[in-house]
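Next up: some structures, all given as structure tokens.
Presented sequentially are two complexes of chain A, the first with chain B as partner and the second with chain C.
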Partner chain A sequence: MNRHGRQRLFKPETLAWFAMPPLLLQCLTLNWSAALTWPTYALLICALLKLWRCSKPFDRRLAALLQLLSAGLLASQLQGLLATILQLIAVSAAFAGLLGHELGGMLSVRALLRRSLQLLLAALPLALVLFLFVPRIAPLWTTELGPVRGAVTGLSSDLDPLSIERLATVNASAARVSVPDGEALPTTAYWRVLVHEQFDGRSWQHRDPPFSRQPYRGLLNESEISQWWVIEPSSTRAVPWDGRSKPAAKDQWVTSEGELMVGAASRQKRSFRLRKGTDAMRWQLRPPFDSERKHPPASLPRLKQLGARFRSLPTDQERLQAIERWFKNQPFRYSLNPGPITDLDNFLFENQVGFCGHYASAFAALMRSADVPARVVSGYLGGRQINPLTGSPYLELRQSDAHAWVEVWLEGTGWQQVDPTLWADRNAFDNGNQGQQRTKLTWSDRANWSPGRLGQWLQGQWWGLDMAWTRWWLGLNQSSQQNWLQALLGTQQKWLGLFVVLACTASLSLGLLMVQLRLGSHQPLEQSLRLLADFGVTPLPGDTFSDLCRRAAAAHPDRNQLLGAMAHHHQVLTHASLNSHQRREHLREWWRIQRELGSPS
Partner chain B sequence: MAGSSSFPLTSPALSPLINAVGRVVLGKEQQVRLAFSCLLAGGHLLIEDRPGMGKSTLAEALARVFSLGFKRVSFTSDLLPADLTGINVFNTTEATFRFQPGPLFTQVLLADEINRASPRTQSALLEAMAAGRVSLDGISHDLPEPFFVIATQNSLDQVGTSPLPEAQLDRFLMRVSLGFPDRASEEELLRGSFSPAAATPPLLDGKSLKQLHHQCAAQHCSDELINYVLDLVAASRQGQGGLSPRASQALLAAARAWAMLSGRDYVIVEDVQSVLPAVVEHRLDAGRPAGSETPLSTKLLERVNALR
Partner chain C sequence: MRSAELTLGLRNLYIIPSRFGALWLGSAALLLLVAIQTTSNSTLLLAFVMLALLLLAMFLTHDTLQGLCLRCGEPSPTFAAESATYPLLIESRHRRPPLRLRFRKASDSAHVQLSAGVTLVGLSWRPEHRGWQQPPQLQIETIAPLGLFICWTRWNPQTPQLIWPRRRRGPVLEQHPPRWRDGLDEWNDLRPVREGERPAVVDWAGVAKGRPLQAKVFTVPDDVERMLKPAAGVPIEQAREHLADRIWTLQQRGERYGLRLQSKTLSPGRGLQHRNACLEALATE
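== the complex of A and B ==
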């Protein structure tokens, strides 16, 4: 009874509308500068308009087709767990709407949804075969058409390290990383993102690297993977990395400054993985450019004067140690609210209160005036380990983990990482709000949770699921597909085509069989309605089955008797009180009539 | 469905009765069958039409064919309740009051032009219809079994009528409108090839009618069918108004009787659809026929999925 009550709340055809919100929601997260975004929007708008003004059955079918196509396009662009779930919802709603129309509004909404899920299930074998066997093409769709615009919180090439404290209060997630099972998460690592090498006396600037891609080619072995990353949308293509790992896909490359670039559109959530790297990378040994040697301008006389004092020391190493000693002897204090600091002279010699941006900038400028090449790196420090109930632990980097440090060029060893913030007053540092409070959320101390903490915990769990999905999804990319095909068919793969065709046929027929079994046998009424639809009779509001049969008989007088008999058996089966024997008899007769009607006269 | 000329087979036991009444009221098989199912379901019947359309003839023929006691009261504006129920008369010899039953104490009461009577008299009649007995001076007198009221009423645009209130309309199982006869039937009428109502032969005795009542109540209703009735009732309740539970009971009872007339022992969706206009129309339009618009019952039927 409930079933029928619900049916009246909205018409089954209305179900098609339920596919629109998930699709539109996903569209909003698309990157406007990616090539495939525009066709997706166009298809979706067409579907919307078609659905708005649909009068003929053809319109409904077209609208459903457009919806399914745009869901497919979205699936090729957004592969996160949430996106996948939304796509699934959209597709099943679109299918249910289509079924609701095709079956003449005779099923309740719940039955329609169940039916559409069954259809999807029937399509699953074919989808799996295609997923596993058909060679993946390179991600053409991630090609960007133009520069990325729009404000996104996070590190960017416009963000000067001297104003990095703006991020300290931002509690948004920046990135998540997980490592192979059994390895410990590097919870105190420095994750570099951007290198700032141009200093004009007031601020440090990032120079966009020359376009020198040296993408990774070749097959990737599963055991080589060292990290899986999920990056929240940001305004730069540079992503956090440890400076040692190596690219593992064609759209990743390392610039000469040591920034890892990922070619995918940056205003979307990105996920990628990296290979293990042990030896020094090329960027670490690359001799400094002139811009990395340039002395600070004359607007900082005291800094230049102090730096010049260290020039007399013979080696870079000694100069570095001397400046470190000088820093440690000064009463520097760490604070995110240092008050007005007019310039670096003011910071170094008068105010002596600041945050990582000040320490890094001042130290790098000092090193330069002491004739040691130096530059400022912005990135993330530390992070928070989260152990979800569902999967392997991962490290979460928040925007408040943003940090700035220095790299100096030491003759013989290459670029060396130095963090001058560590030399500031330790006590003050520990009290500083640098996102260092590693309050672990664990299941065991759940009694102390507040609603906010519960929200955090739930988010952590969700991201754990998302991470697992990402690892699984990325794990089945082009190269590992090759590996697995090689294991199956040998290196030649000369039977691959035949194999794929056979597997497709098998899975397709399995799907069709499922459709037949699940959708066909238990619903004689539906089957008969489809049959009558072939006779050109579709239900009008308030029509009974006998009315339909009568109309069909009027249009096809030669089938008059069979149609009448079908109506009679339907009546008896549905409404009379029969024992099981009589029921079987009538059902048998009903099937016989159907077969006879289905066969050409 | 209503209006189609071909009728499903009639049950062999009941077809002589229908034919006998059909010879009195020519060309109105649909209305005759509805009237029959109303009586078989144990409900009261309201026949509404202009004067001279054969309302009283149909009522009289029905009463006679079931060989029931039959009385006719013409309702006028000065008719008093006591004129219907009867009065207590003082017996001078025994010095007691003796109840003198009125015309209400019959099996079939033909209440002619019920809407000409004052509301007070109408309500006295309707009380008897609902309870099956009459209370007078604190003593209740049971009415004979079975007790049917076949009321006729003129269309409301006639002068000097007081319309039945909704609550009283709800007591009538069906409202049937006869309508003009077709040309062929009227020709037969003019040529005199019909039998007068008074000459309708009694074909059934009171005992068999009781049996028919039991048989009617035992008709099988599948879950699907009951769901269909529930859906119809629920659909009527969207917006203002709607069908009462008594209406849904009436609908199912009438459908049972209709199925029995068709010679089936189970009820199908078409049975419900056939009786629906007669059963629900007067409950939905509150006594004011919609006129030339689409009947409310047709709209109601179109709102509920009947494919089951």
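== the complex of A and C ==
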């Protein structure tokens, strides 16, 4: 198809349609139960209808504005690298569509795209000044934005291993965490998510804590950051953490049970940072609630009887050690496929085969029977270290790394972590699907290459980029802004307002200059006309370019030859049938003549 | 103030945000609020980019009109109560985004996209009265390149346009030369007699010779002259409108005619120049 044919096919007005696919793609990843999802859907449907049925010029403008608004709402919900790229494409296309409509076919599609990009770039200096230097403010109000419904894989608030004959081993990604450069990734750490403190004899339930606005915690230095997290959609507001780090933002807080909550939780990908924690956290020293002391129900007589045997021991520590010895002396065997287990009595005294949920449930119930407060914690264990070609190494947690363990209250030391699964017969593991058992992937080993592994490797590389982007982009927050303002203005912060006004003026001037420079280039004919105007010759109605050149040559006989050559090249470029190489040659010659004409004689 | 030429600049250009600009600003504010609530950097940057584009658009919209030089053309005469075209010469040193020109109170507007050089633009308006008429106030406006601001200026072009009296069919007093009369033998054809035909035009000689009843068709000789005068008993303004229509018709038929008004007489003639002179006399005398 020739050039004109392409231009007919892609009219400038059609550019607005190119914004829709990236926006719709992102909408597919939104969860319908999040607060901003429905406004985003509504805006996008309105934009679609406006584009489809636009009868007035205002409709087209409105469609572009709705597309920009949708992109903005999506940007607030999806902050990953891919989502950001899609948002950038959508914003550029929407803006080009608006420009194409307003310029009324004045430019070709390519010129229009270039022009819209130039305008966006011209606006960028001012936008960056505002973005970097206008003081950020904290959220004006906080609401319970977290969803309550919706299907996503991941940890559940109810832990009921007895109803599962075979543990599902979903290999989907759960989270990714990176640490400051130079620090080792904790590949054997326990990442706690949910605390299940209520036991009904069969399952352990998690109690969702009431939402509470947290007090301001002060600003954060970049050096204080110890972990950067990216969490895949999950059904809980609680997010994985190591139990020691401290929240780094106002919308994060630690509950009295030791769960880390993120205020802006939703069933979408979330990112957050944590800072280093050195001293013990308050949750570790919080005395147990009654619900955490409650004995198992009478439906578990053998378990209660066994637990009662340990009550005679004087201290909690001794009871713990005695129960640990009891577990280790029994022929417990670890299996992801334990078969039907009727209750914990059946597991402890007959079957004795199970996975982490069985061990944690049974051990916690036994500890409570022995009058030691205990609760079950679910989260992730270990993770897989990925070393991407770009970005820093990171730890990847998959859903199959999900794990359950126990916390017991020991007088004088507080809540202590115990993992009874480790006491099972380690040699009898029927597969290596537990996090700490998995070998590290060695991509250098060629024997490991296969299409599936290659896909995993590529995904790991992409996530590495995503992680690096998230670390950098999330790092530009209120506290880092305070840091660079401190570095820039020192103690003279009172002059910030004046500084911002001056910087805005300068950046706006720079933007205008960029637009003006653009007007002065790229169009040979227009530049030639400007040049001829400098020679004192302006076009009159009916004038051809050759007539203009002749008039200019008459006024400036010393430039006669150059002006004649310029007229010749214009004639050839306009009327002759040229291939692309010849066109380039003539254009190059045209530019050369213009430079010569522009230079002082 | 009326002038023959106007160069657009800071002193005569006005600019305010358009309705779409207000919506744009509201949307940016909404995104700013969402960005604060969700602590989203991408949304915050987009909100600031929209604000920056708004500020940039103010200057760019102003630049669309700044530097334009407007001059009055030579307007052609036209009839009252009909669409008149007023020519404007617009000089620009470079290509400009689209802009709109219209006379105030006129329904039609011209959307023009100027190239470098001088562009002739014809603007339509509808004069109601005869004579040398000043066109209404001209408004030049643009919202390009982003539709966020509307920039405009108003100008009263100085050059008047001649407006002939409105064309209206009606009685006109015509004085024919004495040799052109019914009943003479200066006929060149015969046609069937229509009902109510005057007996003077019937070919009685042919009837006497046994031919059917036929009417004579007369040829108006090339040099037949007629003088047009306002019909008696008709108000003078209305009579002028009848005369304008009659002159236009006669000119189209290529006939010779003259015009006699109370204060001016134009001897018979034909051609555009004569027609224009007659119509101008009707418009201005």
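Throughout what follows, the second predicted complex is superposed on the first by the 431 of 601 C-alpha atoms of A that agree within 3 Å, B and C clash if a C-alpha of one lies under 4 Å from a C-alpha of the other, contacts with A are read in each partner's own complex, and residues count from 1 in each chain.
Please note the rule applied: contacts are C-beta pairs under 8 Å (C-beta built on N, C-alpha and C of every residue); 3 or more make two chains touch, one makes a residue touch a chain.
What you see is a predicted model; the values in this text were computed from it and never measured.
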- request: Please name the chain, chain B or chain C, that touches the greater number of residues in chain A.
  value: C
Message: A:Leu65 in the overlay: touching chain B, chain C, both, or neither? Say first, second, both or neither.
response: second
- request: Name the contact category of A:Leu529: first (chain B only), second (chain C only), both, or neither.
  value: both
- prompt: When the two structures are overlaid on chain A, which partner does A:Thr574 contact: first (chain B), second (chain C), both, or neither?
  reply: first
Task: Kindly classify A:Asp543 by the partners it touches after superposition: chain B alone (first), chain C alone (second), both, or neither?
output: both
Query: Does the superposition put A:Leu303 against chain B (first), chain C (second), both, or neither?
result: neither
Query: So, does A:Leu98 touch the first partner chain B, the second partner chain C, both, or neither?
result: second
Message: On the A-aligned overlay, A:Gln79 touches which partner chain: chain B = first, chain C = second, or both, or neither?
response: second
Message: So in the superposed three-chain picture, is A:Ile231 touching just chain B, just chain C, both, or none of them (first/second/both/neither)?
response: neither
- prompt: Is A:Leu120 contacted by the first partner chain B, the second partner chain C, both or neither?
  reply: second
Query: Looking at chain A, which of its residues have contacts with both chain B and chain C?
result: 104, 106, 525, 529, 539-541, 543
- prompt: Okay, in this complex, where on chain B does chain A touch?
  reply: 1, 220-222, 224-225, 227, 230-231, 234-235, 238, 264-270, 273, 298, 301-308
Parts of chain C lying in touch with chain A, wherever the complex brings them together: 19-20, 23-24, 27, 30-31, 33-53, 55-56, 59-60, 89, 91, 93-95, 97-98, 111, 113, 116-120, 143-147
Statement: So, in the complex, the side of chain A touching chain C is made of residues 36, 58, 61-62, 65, 68-69, 71-73, 75-77, 79, 84, 87, 91, 98-99, 101-104, 106, 119-120, 122-128, 130-131, 134, 136-141, 249, 251, 264, 473-474, 476-478, 508, 511-512, 515, 519, 523, 525-526, 529-530, 533, 538-541, 543
- request: Flag every residue of chain A that touches chain B in the complex, lowest number first.
  value: 1, 4-5, 7-8, 104-106, 525, 529, 539-548, 571-572, 574-577
